[in-house]
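Two complexes follow with chain A in common, the first pairing it with chain B and the second with chain C.
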Partner chain A sequence: MSTEGLSLHHITVRFGGLLALDDVSLRVPPGRVVGIIGPNGAGKTTLFNVISGFVAPEKGSMTLDGKPFRARPHQLTGHGIARTLQGVGQFDGMTVLDNVQVGPRSEAEAWAALERCGVAEHARNFPKALPYAKRKRVELARALAARPRILMLDEPAGGLDTDEIRWLADLIRETECTVLLVEHHMELVMSVCDEILVLDFGKPIALGTPGEIRSNEKVAEAYLGAAA
Partner chain B sequence: MTALQDRAGTKATDRTKAKKISPWLVVVAGAIIVVALTYTLPPFRTYQLATVGAYLCVTAGLTVLTGLNGQLSLGHGALMATGAYTLALWQNKFNLLPVGILVAVLVTTAVGAVIGLAAARLRGPYLAGLTLAVAVVVPSITSTFDETFNSDQGLSVMLNPPPESMTNEQWQAWLCWGGALVTVLVLALLTRGRFGRDMKAVRDDETAARLAGISVARTQVAAFVVSAACAGLAGALFAVIAQSVSPGAFPLTLSLFLLMAIVIGGLGRLSGALIGAVLLVALPAVAHEIGEAAGSQRLEGNLALTFFGVVLVVVMLAAPGGLASLRVPFTKSIPFKKKGH
Partner chain C sequence: MDRFVFLTFDGLSRGAVYAAFALALVLIWRAARIVNFAQGAMAVATAYVGYSVADATGSYWLGFLVAVVAGLLLGAGVERVVMRFVDHSSPLNGVVVALGLVLIIQGVLGMIYGNEFRPAEAPLSRDAFEIGGIALLSRYDLFVFGAVGAVVVLLTLLFTRTPTGLRMRAAAFAPDVSRLLGVPVGGMLTLGWALAAGVGSLAGMLVIPTELGLHPTAMDIVFISAFTAAVLGGLDSPIGAVLGGLLVGLLLSYISGYLGATVAPMAVLALLVIVLLSRPDGLFARSKARTA
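Then we have the complex of A and B:
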């Protein structure tokens, strides 16, 4: 197994006159949990979209295990990367089992992922019949069923209660995957991440351990304003 | 129950596959019923039965495309015309029906692949517009190349007489329902597996489908190709039934009728496609009888479309999922046996 992981080099994305990402570099070593935080509009999801192949960067490059990497979204799972979306991103016309089995996954992989996420008993239900938290678990199960090396979670705690967030934190800690986490829930981010990248208006303003980020003045300023 | 308790205490889940009727069983039962009907119905009704079989080929393909994959096609009448003209040209040159039907399906599949490639780049009204243009353009090609297609007069189809042991209507019904049952079987097997899941995923959420590892464009083109092949088969069977083809047999209203029929029957359900195929034969026949009784040919021409419109409105109000979504009341009274864990 390579020790290189995923690396982003000087990624710049511009939407017309808006600089969405400005020279962002990040190394995600295997087995680590790396958080990406920042105020709304900081460019967190855009960075996920670059890695996922939804957005082509104006400048910069990516490498996976030391090799140049640029996948189209449907090729992502083939590279061992799975991503969840903000919200629930579900297929309402299919049962929970089919939702998780969709794409190149076997039924056994789907069942294993459903059990790991605690929603196996809802396998024959339709997602719309489930509460929001269960639907988030189903989406997570679909990502895990792909047996990814790198798991990209885009605001997985959005809309969840304390118990569900605790469950999510346990899952992230226990998983063997490398995890890239975009999240607004600071308690979750600080408790599970090994390293955190902070973006503000597309620019990386800090990179470090949770302790370093907590005491970083630039980060406090970005979140609370200049007066902080 | 908290999330943690939930996770720790996940119940042993019944992993036995949900019981579904085997498509093979349905096809065998369908074949027996059709054969029985061809020996009991009068010749005209047997002819109508054959027409239902031919329509079932196209409605089954269209309901998979529109209902399962979410692609709206207003051009399936034109794809039927492609299959019908291909068969007519083949028969008039070689008079070898089984190969002719195969060639008609292949040619229509190729045309469907070209349209499908364009369709995969379009959404909603733009896709409807493209397929509508196909429905308008294809019949007019017969006028442009009238030496080949004989313009509005159309072509007659050379056919060998049916075997002596059966009537022409019986032979037509067997042929059309043979095609229909093969179509239904293939579509049922296709849609129950990964292809079916991929199509539904693309219909429900393209972004999530991509992230699940599905090539949206490839799935959409494949769905269009499969559906076009079904339309080509239907067109070829219609050419056999009518023993002639002309642009007037494949007007724009045919494409609209097909779409309305699958919506009334139940989008995305093969049983709905069967109901739609029956309606495509029954409603114009009723309109014809009313028109004749009223002594007005103009009334007869417009009445079928009116019937479809009224039935569509009524069914959408009473059963938004189409007639196939309705359940027979007595099935609710059957006690549900719970499996022990």
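Then we have the complex of A and C:
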């Protein structure tokens, strides 16, 4: 396994007059769980969209394993990166199994991912017929079926109850993938992440371990302060 | 009674062609949310190619094959060269471009082949078999049923049993999600247009020998009937397109048989208006839940 991982260098994104990301740099070493937090509108999903190739940065660059990296969305899985979306983003007219099999996956990989996420029994159902928490699991199974080395999770705990969040935390801890986690659920972020980047109005205001982030005054002021 | 039975079989045979043509419209609608008003003109263009090859080689079947392949290529080309660059923020943009393509294709065909009807012979006898004194189906009708049935079965297998079909469906449902999963959405769209145009060309080759012959506008009325069939069945429903095609074929056959052939085109337009006013999502669409 490479020791380089994914690196973002001075990423800047502007939407018209709005500076969505302002000189954001981040290194995501292999095997680590890195959280990206910040208030609504901080630029977390925009950063994911830059990595995914949906948004082109005005300035900055990315490297993957030390090589220049700029993937188009459909090439992302080819680079070993899988991403979930906010909400569930599923194909409602297709069965759960078909949903997980879309893309270059074998049926065996799809079944293994469904088993791992505990939704194999719903493989022949349509996603719409499942409770929200199960649909979120299907979304995770779809990402895991690609056997990624980097897993990008965009608010995976949204709308889940305590038991489901505990299950999700276990899954993140047990996975062998590098994980990039955008999440508002602080308990989950603090419990699973090795390192956390905090954004505020597109600007990185802190980077450190969960303990360091907890005691960072800027973070408390900008984000955690409201919840504290 | 004899007449009714004859008109029923005749209507089913004609309806099978409308079904194939409607299926072509539905394929593009599902993939790109565009009603391809150029489908008829594209089918005529490839029929000209097919009959030119048939005339040059003496083999109708080679011409038939070339027409279908030309349809596949033309569909892919139209998507890659024209439709991909249309601003799809308004559905009307694609429609206007498709109508422009009709004018261009028909104009070019007129310049190359002239604007007179050219005879287009059917490859098999169109004399109906009689059973118990009742004329039922001709060899050509059986060929039409077989060809359309084979297309429906092959497309069903493609969309339900193959990874490519799965990706085509996914790309049509949610392009951005599909891209993230590694689906080459642009390629799937090109394939969808190619398949649709190939099916349209096959329908054109099947119906032209039953009409007045080859002419740049030969498919205009057929297009309206097939569009009505697609709307009747629901533009999102391949099964609806097939059933809609058969229903329109039967309706036209009965009206032509009992009221006269000149009434049939008006009947199609009347049916189209009635369906658009009463069930714009088609007869086979699921009712939408009320949102307010």
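The rule is simple: the second predicted complex is superposed on the first by the 223 of 228 C-alpha atoms of A that agree within 3 Å, B and C clash if a C-alpha of one lies under 4 Å from a C-alpha of the other, contacts with A are read in each partner's own complex, and residues count from 1 in each chain.
As a working rule, contacts are C-beta pairs under 8 Å (C-beta built on N, C-alpha and C of every residue); 3 or more make two chains touch, one makes a residue touch a chain.
All values derive from a computational prediction rather than experimental measurement.
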{"item": "Chain C versus chain B on the shared chain A, clash or fit after superposition", "value": "clash"}
{"item": "Partner chain(s) touched by A:77 [first = chain B, second = chain C, both, neither]", "value": "both"}
{"item": "Touched partner set for A:123, first chain B, second chain C, both or neither", "value": "first"}
{"item": "First (chain B), second (chain C), both or neither touched by A:115", "value": "first"}
{"item": "Which of chain B and chain C A:166 touches, first, second, both or neither", "value": "first"}
{"item": "Contacts of A:178 with chain B and chain C, given as first, second, both or neither", "value": "neither"}
{"item": "Chain B versus chain C, judged by how many residues of chain A each one touches", "value": "B"}
{"item": "Partner chain(s) touched by A:49 [first = chain B, second = chain C, both, neither]", "value": "neither"}
{"item": "Contacts of A:142 with chain B and chain C, given as first, second, both or neither", "value": "both"}
{"item": "Which superposed partner A:101 touches (first chain B, second chain C, both, neither)", "value": "both"}
{"item": "Footprint overlap on chain A, comparing chain B with chain C", "value": "52, 54, 72-78, 82-83, 85, 89-94, 98, 101-104, 142, 146"}
{"item": "Residues of chain B that touch chain A when the two form their complex", "value": "2-4, 6-7, 10-11, 13, 15, 18, 194, 197-198, 200-201, 203-205, 207-216, 268"}
{"item": "Residue ranges of chain A in contact with chain C within the complex", "value": "52, 54, 72-78, 82-83, 85, 89-94, 98, 101-104, 142, 146"}
{"item": "List of chain A residues in touch with chain B within their complex", "value": "52, 54, 72-78, 82-85, 89-94, 98, 101-105, 111, 114-115, 118, 120-121, 123-124, 133, 139, 142, 146, 163-164, 166-167, 170"}
{"item": "Residue ranges of chain C touching chain A (in the complex, touch as defined)", "value": "163, 166-167, 169-170, 173-174, 176-185"}
